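We call the chains A, B, C and D, going by the order they appear; numbering starts again at 1 in every chain.
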């Protein structure tokens, strides 16, 4: 009777159940889980924030600091942030046991101190990013601690001076 | 009945968890993984978990989706029909944080917002466990359920680190 | 008598375990581990810790559910009583009482279903009714025939076959679980129940399976011609075996449709019954 | 494919009714037509054997000061798409409906009306798009509407009067919030009303918002549907690549095709399991999903995720395939073939499956053609329609495979079509792996000019998926998605009439509905207004 064939199949197959959590999960080496940001490598440049489709990564300046927040509860696990990170600070882990009883537990933050413009005092980029830039191409402090706006103004002023526009 | 003894309720359902699956406008992927958790490789029936067809029979609601505007009244109605204590397992990035469409005109942006509306309508929710994933793996659903029942420790912790001084 | 009561009590306590075993075996055929054997007990115990939500219909409703359960307990008690001296020697009173009780159980279930203010439940109730109409008469006739002890071996065998099929139908398993068919009726007759009331309904459905298995076990054991304690023991042991057969059959089949189910049952049971009548007429 | 003579026939026929050619790109011809002439143009196309793929409303006021409605017709015999562009002035937004001649335009015209505020004359229109509490005069697809605006909400009590047998919105057979109201006589369905579009998440609007760029949209497209998401992301990138003239490396095309077929395998196995469950045969459900699990593992191994694979980029794919992966693919599909053959044999031997699936939910060939159904639904009704053959894309022109065709049009035929397709998919994957070319998998350098248009189509597990794109600066200007279920749902009404109540869930499931695909932007109510009363008689 071919109706009973299913019994034969079942007998031959046995039990396939993985006894998770007592046995390891059915993961493959390619699995993309939650990402992890290495605070010692992160510059706070925001490239990951720009590429993140669901805005799970945000970079918010507040006072003297800028916070890079990773909200795993909105993450779609695409791993694009790790691909674009210039500092290789983002790692795609195999972590999927992320459950939590509160949304706050699903957030991880890297706090960056903001460097301030030596002229106008406005926050410019994060200190970590400035350090990296200086390391790769040494420039004088009077340049890198000036915000783009002030730099433009300073340049304009200098150009005017050169053109002899005077001393008002 | 405003206060419910959650610990007692959890003890009562520890060996027999009847779940009702509530989709509030998700893309289907989490919903399919919910079904997948029932099938041989994961077999949640070994924990006494059973999928039931009516919210009245449910001990736990498996909630998926970002809550679309259209589904909102029905979602409220369904959660209302569930007896206390109302235990809810929010599955997937849509339910947890609104997902990729968290701020569009036709979604509410996840369970948190829904909870506020439920409270406005006098519907209390007793315990919520959030399970991120896009979609949630069947193992993640199992893990979340065990966390809800208090059988495993929570791994996720709020982390706040100051970037290194270089 | 004492033994019969003991056997009945034992079987009533074991019925949820048999049901757990059924789920375990079904899981094995699905190639998975399945729930613990005591799962049905856990489910029932949990349901009784839940708050009581009395659906529309109130006390009347609770009464019907409780009566249904009582009738089931009574009918299994009668079966175990009969078991102590074999089906062929049952008195007319006992047989009629059993038949009446089975009809009462079915009727109460239908009353419970249709008195609810829910379309699914009402549809489920009507389906149960049609199913009862098609299975119950055959169950009655074959049971009474076997209880009378009359007829040849051939006619007895056919009567046992009729009894086995119709008792399988009343157990509410696939393919005849159309009253609570989950996909189209969202658990049909039970949809409005919750908490302890659902617990009672769950026990009822387990006991239905018990009565069904015991009935077939009793009919089969009667062939051996045992009596007294040995007959009782044999029935108690044979019951889980029949239950096991029911489990396997229900796992490898799909759900029928109400019209198909009834057509199939009528054809099968009419065929068997006419053979039965024929064998009686020819005096085989 | 495209011969000059067939092109000139089309052009000539349309010029006779006052349309003129705007642009010819690849296999697409764009015509400009006035709103007064659009009906005649649509009729002319229909008489040439075209079918309507979809229509789309576009707010082109920033470009031309006008609204536009695009009707996209497929001429599969010629392998050509004809697109009619109707311009509508913004201060007098109406156009003539093509519905009297092209019934398939019913839904998409209503969608345009409600999302863009263009009125259609010559047809019944009703306010039905968007939730009931959505305010009048707010049109989400107009450019001034911000994607994250949230008009005030009224929580209403719904569905208080239940006139039929409600199947849904939360129903175990569907696993998605949809609502069918079945009108029954005894246990036989006499009519059905559909109240759907609960899964409207505003995806099309979101893609043209500031939040998204061309590169991010594939991840959004993938989440249109959790079952056939890769189809959507592939179709989106294909449309963009076509519009921008980006040439994708051959290896990337092969990888996309392989993953598409892997997705079809998982989708069909999933469906088969659900169908078995609906027929009360849970053993079939469990075994089908047990077999499917290996496909899920394979998908994760190839792409990094069990679902929503996330490997499509404009210009190629993110993950390459190496020898270990090829071995794994071959092993998985070999095992799958063996196990699936056995399972199907066992399943079809179950008497209830045969008796309940055959003869129920019948869709005749004539109905199938009139309703423009697609995918397995069309093929089960004897309609030969498969995008992989009609408009070969990616690597499909390089492989040989059969298109399963049945003529019964019932639930069993749709089941068998899907069973056959599983075997065909396995063969396709084998051939693709054999021929896999070398080289890179992605082109990094490309430029996407704005104002280009393109139509792309892919044969999803459920049928033809169509994406239409108008490029913008940095992100799509307009992106229109037409999922296969959109085309198939109207056929349910024909299929359900006269079907026993018990088989209604199976019949609904037999089109393999994917509501989240269908609902990206619309809310719809096809309640006919006719209230037949229910007579719940005893079951016999």
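We adopt the following convention: contacts are C-beta pairs under 8 Å (C-beta built on N, C-alpha and C of every residue); 3 or more make two chains touch, one makes a residue touch a chain.
Fair warning: this is a prediction, and the values are worked out from it, not measured in the lab.
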Shared chain contacts [chain B and chain C, defined touch]: A, D
Contact-richer chain pair [C-D vs B-D]: B-D
Centroid spacing, where centroids are CA-atom means, of chain C and chain D in whole angstrom: 47
Rounded Å distance between chain A and chain B, as computed from the means of their C-alpha atoms: 27
Intercentroid distance (Cα basis), chain C paired with chain A, Å: 63
Chain B: positions in contact with at least two other chains: 39-41, 43, 46, 53, 99-100, 134, 137
Residue numbers of chain D (touch at least two other chains): 172, 211, 219-220, 223, 283-284, 286-287, 290, 293, 308, 350-351
For chain C, residues that touch 2 or more chains besides their own: 29-33, 182, 186, 252-253
Pairwise touch network: line, ring, star, complete, or other: complete
Residue ranges of chain A in contact with chain C within the complex: 3-4, 6-7, 10, 13-17, 19
List of chain A residues in touch with chain D within their complex: 1-3, 5-6, 9-10, 13, 16, 26-32, 51, 53-55, 76-80, 83
Residues on chain B engaged by chain D in the complex (per definition of touch): 21-36, 39-41, 51, 53, 55, 65-66, 68-74, 76-78, 99-101, 103-107, 117, 121, 134-135, 137
Chain B-facing residues of chain D, complex: 130-131, 133-134, 140, 145-151, 153, 155-159, 169-170, 172, 175-177, 197-203, 205-206, 211, 219-220, 223-227, 229, 270, 273, 285-287, 289-290, 293, 296, 306-308, 514, 516, 519, 523
Chain A-touching residues of chain B, taken from the complex the two chains share: 40-43, 46, 93, 96-100, 102, 110, 112, 127-134, 137, 139-140, 142-144, 146-147, 152, 154-164, 166
